[in-house]
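Notes to accompany the following structure.
So that you can tell them apart, the chains are marked A, B, C and D in the order they are listed, and the count of residues begins at 1 in each.
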Amino acid sequence: ENKKIALVVKALGIGFFEAANKGAQEAAKELGDVEVIYTGPTTTTAEGQIEVINSLIAQKVDAIAVSANDTDALVPALKKAMERGIKVISWDSGVAKEGRLMHLNPSSSPLIGNMIIKLAADQLPDGGDVAVLSATATSTNQNVWIEEMKKVQGNYKGINVVATVYGDDLADKSYRETQGLIQSYPNLKAIIAPTSVGIVAAAQAVEDAGKVGQINVTGLGLPSEMAGHVKAGSSKSFAIWNPIDLGYSATMIAYDLIGGAEAKPGAELKMGRMGTVKLDDNNEGAMADPFVYDAKNVEEFAKIF
Amino acid sequence: MAKLLKNREILLVLAIIALVFAIALRFPGFVAPANLARVYNDTSILIILALGQMAVILTRCIDLSMAANLALCGMVAAMINAAFPGVPIPLVILAVVALGAALGSINGLLVWKLDIPPIVVTLGTLTIFRGMIFLLTNGAWINAHQMSDAFKALPRAPLIGFPVLSWLSIVAIAAVYILMTRTPVGRAFFAVGGNPHAAVYTGIDVGRTRFLAYCLSGGLAGLAGYLWVSRYAVAYVDIAAGFELDIIAACVIGGISIAGGIGSVGGAVLGSLFLGVIKNALPVINISPFAQLAISGTVIIIAVAVNARTEKRKGRVILKKAEAV
Amino acid sequence: MAELNLSPRVIPDRLQSRGSRALKSWESLLLVVAVLIFAINSFASPYFLDPWNLSDATFNFTEKAMIAFAMALVIIAGEIDLSVASIIALSSTAMGLAVTMGADTPMLVVVGLGTGLLCGAVNGLLITGLGLPSIVVTIGTMSLFRGLSFIILGDQAYTGYPASFAYFGQGYVWWVFSFEFALFAVFAVIYSVLLHKTNFGRAVYAIGNNQTAALFSGVRVGRVKFILFLLTGLMAGIASICLTSRLGSTRPSIALGVELEVVTMVVLGGVSILGGSGTIPGVVLAAFIMGMVTFGFGLLNVPGIVMSIFIGVLLISVIALPILWARARRRVAH
Amino acid sequence: MKPAVALEGISKSFPGVKALSDVSLALYPGSVTALIGENGAGKSTLVKILTGIYQPDGGTIRVDGEETHFPTALSAAHAGVTAIHQETVLFDELSVAENIFLGHAPRNRFGLIDWKKLNGNARDLLRRVGAEIDPTIRLRDLGIANKHMVAIARALSIDASVVIMDEPTAALSHKEIHELYELIDRLKADGKAILFISHKFDEIFRIADRYTVFRDGGMVGEGLISDVTQDQLVKMMVGRDVGQVFPKVDVAIGEPVLTVSGYRHPTEFEDINFELRRGEILGFYGLIGAGRSEFMQSLIGITRPSAGAIKLNGDVLVIRSPAEAIQAGIVYVPEERGRQGAIIGLPIFQNVTLPSLQKTSRAGFLKLANEFALAREYTQRLDLRAASLDQDVGTLSGGNQQKVVIAKWLATQPKVIILDEPTKGIDIGSKAAVHAFMSELAGQGLSVIMVSSEIPEIMGMADRVIVMREGRIAGRFERSELTAEKLVRAAAGIAEAA
């Protein structure tokens, strides 16, 4: 009998999650007795994810690995799943502690927070104004990263964060918000967009405004979506962890838990070729460092994800 | 000029001017001609869509599927371009305009031949069109690097000082204006919405007129689909999600009566510009992003209230004495 | 008198018996559809016919259906309320705010219902007081109400609802019957009686068919409409309590897009979007149909958007088929 | 003589009704044919078939001897058939000129509408029908009579050989009616074939050359007007003798019931004072647009007066809504049946009981048996023709709808009833029934206000008459001193001949 592991994503059709699914399928093949159910709502809403989770509970899957649209709202549904014997973990975007056995961070939030501001600062030896273009005001991970970024801001002399705006992960809104930033801050030197939708829109807006070379767009993005903008020069570099590895690792951890491993502070869970993850006091663990892409390597990765 | 614009429209023009100057007080750069041109350019797509919605609303119908139609056509345009980068862009545009009109004609046919209420039809096709994008692509995105440079460049290309996008919307305004004021079909839109019963007696085919209005709104949505996708250089299932409400709001602010029969091209354009100015201004005058939604809601409510006031029947005056006053 | 009415004609009360009319009604068509979907679901997935699974599935529609009952009345009266989802958000935000100020569960219920009623009153005043078209007003308040919760909450979330508050969205009355489902059933009965058995319900139909004539006939049109918007506000408040309790947290984006699903449910239930006709049993059936479709597709892991295509097609075809059928029959008859 | 249009064996059914069965009708150039029949006899249905709005189930239409079909209103117009319909079917939001030319507007050489020419042509046409209206103003700014003149101008904007008029004078007053007669004479002289539908016999005998009578969807007689008398026509129409149309009985008039003093409104009316006594029928006469309906509606709380007081049986009353008026025992039967009276979409019995639900229900819950009983009683007394009480009022003919509307307010058992044009558009048999009922009610002590623009009705039924002109009372007459001339003079504001 195959073990059923559900990979629940924020929304179907997002390149990042499609890549994670690739990794999950790779893990399933490697494990042999696992069937991965790749599912999620069509729009990034908590209610949509709850409906999906309810139908997974009904199907009596063995494990659910979820990237949550809302930290808290999924908790009751996931608790119910755990009561019915389903192993629940979160990955990428976490749920509150009561709603899962463990959470797999793609990387550690402090590392990411530091990375995004460092990417901007590296291009600005003399400092200057930078602005943040985030996703929705409610997305968990962006908010944590921005918080972490602000903690280490002091380490980068002359870097001045002038604004944080929200593009809601909508291309047109992000575009317009970027236009607004360019307007309001004539001395803007960099835009940090820690979201794969936002960074693309921001780069496009910078190109359309004729500001290539003056404003550098950086943050977190997918190589395939950013390759064109790196080539156009609107983005010098950006970072992302490898989503394939993330999907792979989440599946492996879920399998380990089904097999009887226990998720408790200090425990080490197996992640196949990615090694192991060590859980902290919050039952959270980090997979790996974010990886930086620039003109030298982006083309190569654009073919993969 | 005064003859061209009705009372309500003059009011709107004044409101827009006041708004622009209020913004300029906090951010002087906003009134720079280049910036105003940019705001217009940013509003062009909304204007094109509002023109189509206006025609539909005039016939006492509504098209909730416009944004979904836009998304589907935009996706198809992107797919054509990604698969056959060699196809000339005007041909791509022609194809999606035709596709949009065809999708609009589905709405039109259901309303015409089966007499299903428009709001139900377009509520249904709204989900169906979006779903079709998902079925076409399996949810995958089409990104900038998959589109040809020519595809992305067209709306931005400058032409006598303005981007082609702006010019396209100006052409659309002129064409729809002539259609509405100088052709029998355009007048039929007003007649059908003003009094569908009487339209039958006048020899106007009510269903067919509505069908044509839906074809127009569909075709314009198709055009907007290409423009949207090429401008933002990305296509996915959810582009312009919820935009149908902006389009309707623009029409309502522009004084187009939701009950049909009353409205004008000027109103649709001004209503769109009003929304466009607000949308563009909020980020630059540093209003909390969280307040934007509440502000646009309030604006819509004020706009209908004001419109209702100016539309309010003066009342038939019977007393001779009162007439003189 | 007598000599004038030489041949007073006796007009029968009814030509068709109530039974034969019920048989030809929309509701019986929906019932057939519902039974079909139930049968197909039972075949398609081994997990469908499980009491607990079916019970879980009811959460797909109970909250929306409760709003749909009030919405049905609003639509029958010829109006519409598109702001219900935003009222849910604002009520939920108000409850979250109350929690931070130390409110207990009964207080939270009062706050949730109160906010709903208040929003309903705002809609009602704008629509009946100023005489504005409801579709536009509620598009406006839809942005306004949700916008207010964004202003209050920003990027924060309210959590930390008291444990006893969880009962409304997660509690069970008896065996597999959840509190929400029981509430749904009770409201189904209340609204059926209100619409079909009372003077108020008759007034709603009269307004929907001819508002001016209803006014001349002594129907207090403004008051009835105002009450209807209060009711949708109240039901949205109740739905908000259930949903907030079920999620255990509040964010301003809660219940996004629910208004279209509610309207779809009402229309699928046979309520004429133009006003003047429709029944509550129809809406109840439509709620079950939509819930079962969502759940059935979910069990097969079909993406939500495919379900919405299905609902879209269902919506149009359920309305179109009887029309086509009648046409075909007329053609045969000729 | 060859008919301009001939209908042969035309049939038309609606679900549950056979509106026309095997009727034939011929219209001759230069001649006016009157089409008469009870409400629901099928007259308007025939008009709609002749103008391409309805398709007949069977039968043929011949124009100038050639068989034709009219699939749309446009094709009938092209074949030279034009009509003034029973309802004014125009567009409030469009200009007068466009209303006249919609669908056949003059175009320039690019195929675009030529507005200048359009306005010019409209001005000429309006002058021809004798209406001084600026063609560029919006239709909604016109009074009801002028709107009807626009409808007439529209009918004449099509160069037609056949002109149909379905109750054209129902919405017109004295002056316009005379202009219309002259217009018909001119059309006749031009060789047009005219079909004229009316319930008013004086009109028919004034202008018609031939007549055709319909009963229950079939043709029961035709011939030359000069060969028949009114009584013969009525008998053909109704199938029996009608008796008196104005069965006025003398009732002992009692004490004042309703006292209105100092009623005024900033723009609609002022200085309205009168008393209404028990058992009295008080007529309100005036030209259309004199402000009678506006004033009556302010009595029941539709519009708010700016000053004035009402006393009912000596007690001061404040009425803010029709509901309060009904509760107090004052009811108003409105003139616009379609908009204010009938609730199309609801069955007959629910229409009748709507204002009386308090009485038929218990604690706010409906009691259907009571409703049917009440509806049955009142509809039978008014001789309603319907298949069942559960039938949608929308499927009734205009006249029968009017009966349902009257029944609706009578069923509330009021103290004062205001009837606004109660017999507008209803046939002579029904008229007699309504009048008889009115008399009977007065006899039982009810007080009646009857607003009417028909002089015979006012003279036949009223105990006292108040004439209104331009929002003011322009004359008061006792029954004994009533003459048609006095009424017309007061209403038009022409000084009494010295």
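Basically, a residue touches a chain if its C-beta (ideal position, glycine included) is under 8 Å from a C-beta of that chain, and two chains touch if they have at least 3 such contacts.
Because the structure is predicted, anything quoted here is derived from the model rather than measured.
Engineer: By label order, what chains touch chain A and chain D together?
Structural biologist: Joint contacts, listed by label: B, C.
Engineer: When B-C is set beside A-C, which has more C-beta pairs in contact?
Structural biologist: By number of C-beta pairs in contact, B-C is the larger.
Engineer: Mind checking the centre-to-centre distance between chain B and chain C? Centres are C-alpha means, answer in whole Å.
Structural biologist: One centre to the other, that is 30 Å.
Engineer: Rounded to a whole Å, what is the gap between the Cα centroids of chain A and chain B?
Structural biologist: The mean C-alpha positions of chain A and chain B differ by 35 Å.
Engineer: Can you work out the whole-Å distance between the CA centroids of chain C and chain D?
Structural biologist: 42
Engineer: Name the residues of chain C that each touch 2 or more other chains.
Structural biologist: In chain C, 150, 154-155, 252, 303, 305, 308 touch at least two other chains.
Engineer: When you check chain A against every other chain, which residues touch at least two of them?
Structural biologist: 12, 42-43, 137
Engineer: Pairwise, which chains touch?
Structural biologist: Chain-chain contacts present: A-B, A-C, B-C, B-D, C-D.
Engineer: Which bits of chain B are touching chain C when the two form their complex?
Structural biologist: Checking each residue of chain B against chain C gives 110, 114-117, 119-121, 123-128, 130-132, 134-135, 139, 237, 245, 248-249, 252, 258-259, 288, 290-301, 304-305, 308.
Engineer: Across the complex, what residues on chain D touch chain C?
Structural biologist: The contact residues of chain D facing chain C are 240, 243, 247, 300, 302, 321-323, 325-327, 332, 334, 339-346, 349-350, 354-355, 357-358, 361, 364-366, 372, 376, 379-381, 383-391, 408, 412, 432-433, 436-437, 440.
Engineer: Please give the residue numbers of chain A that touch chain B in the complex, ascending.
Structural biologist: Against chain B, chain A makes touches at 12-15, 18, 42-43, 137, 163, 165-166, 170-172, 175-177, 179-181, 183-184, 200-201, 204, 208, 224-225, 227-229, 302.
Engineer: Name, in rising order, each residue of chain C that touches chain B in their complex.
Structural biologist: 126, 130-133, 135-137, 139-148, 150-151, 153-155, 252, 260, 263-264, 267, 272-274, 303, 305-306, 308-309, 311-313, 315-316, 319-320, 323-324
Engineer: Would you pull the chain A residues touching chain C in the complex into a rising list?
Structural biologist: Listed in rising order, the residues of chain A that touch chain C are 12, 37, 39-43, 45-48, 50-52, 54-55, 57-60, 70-73, 75-76, 96, 136-138, 143.
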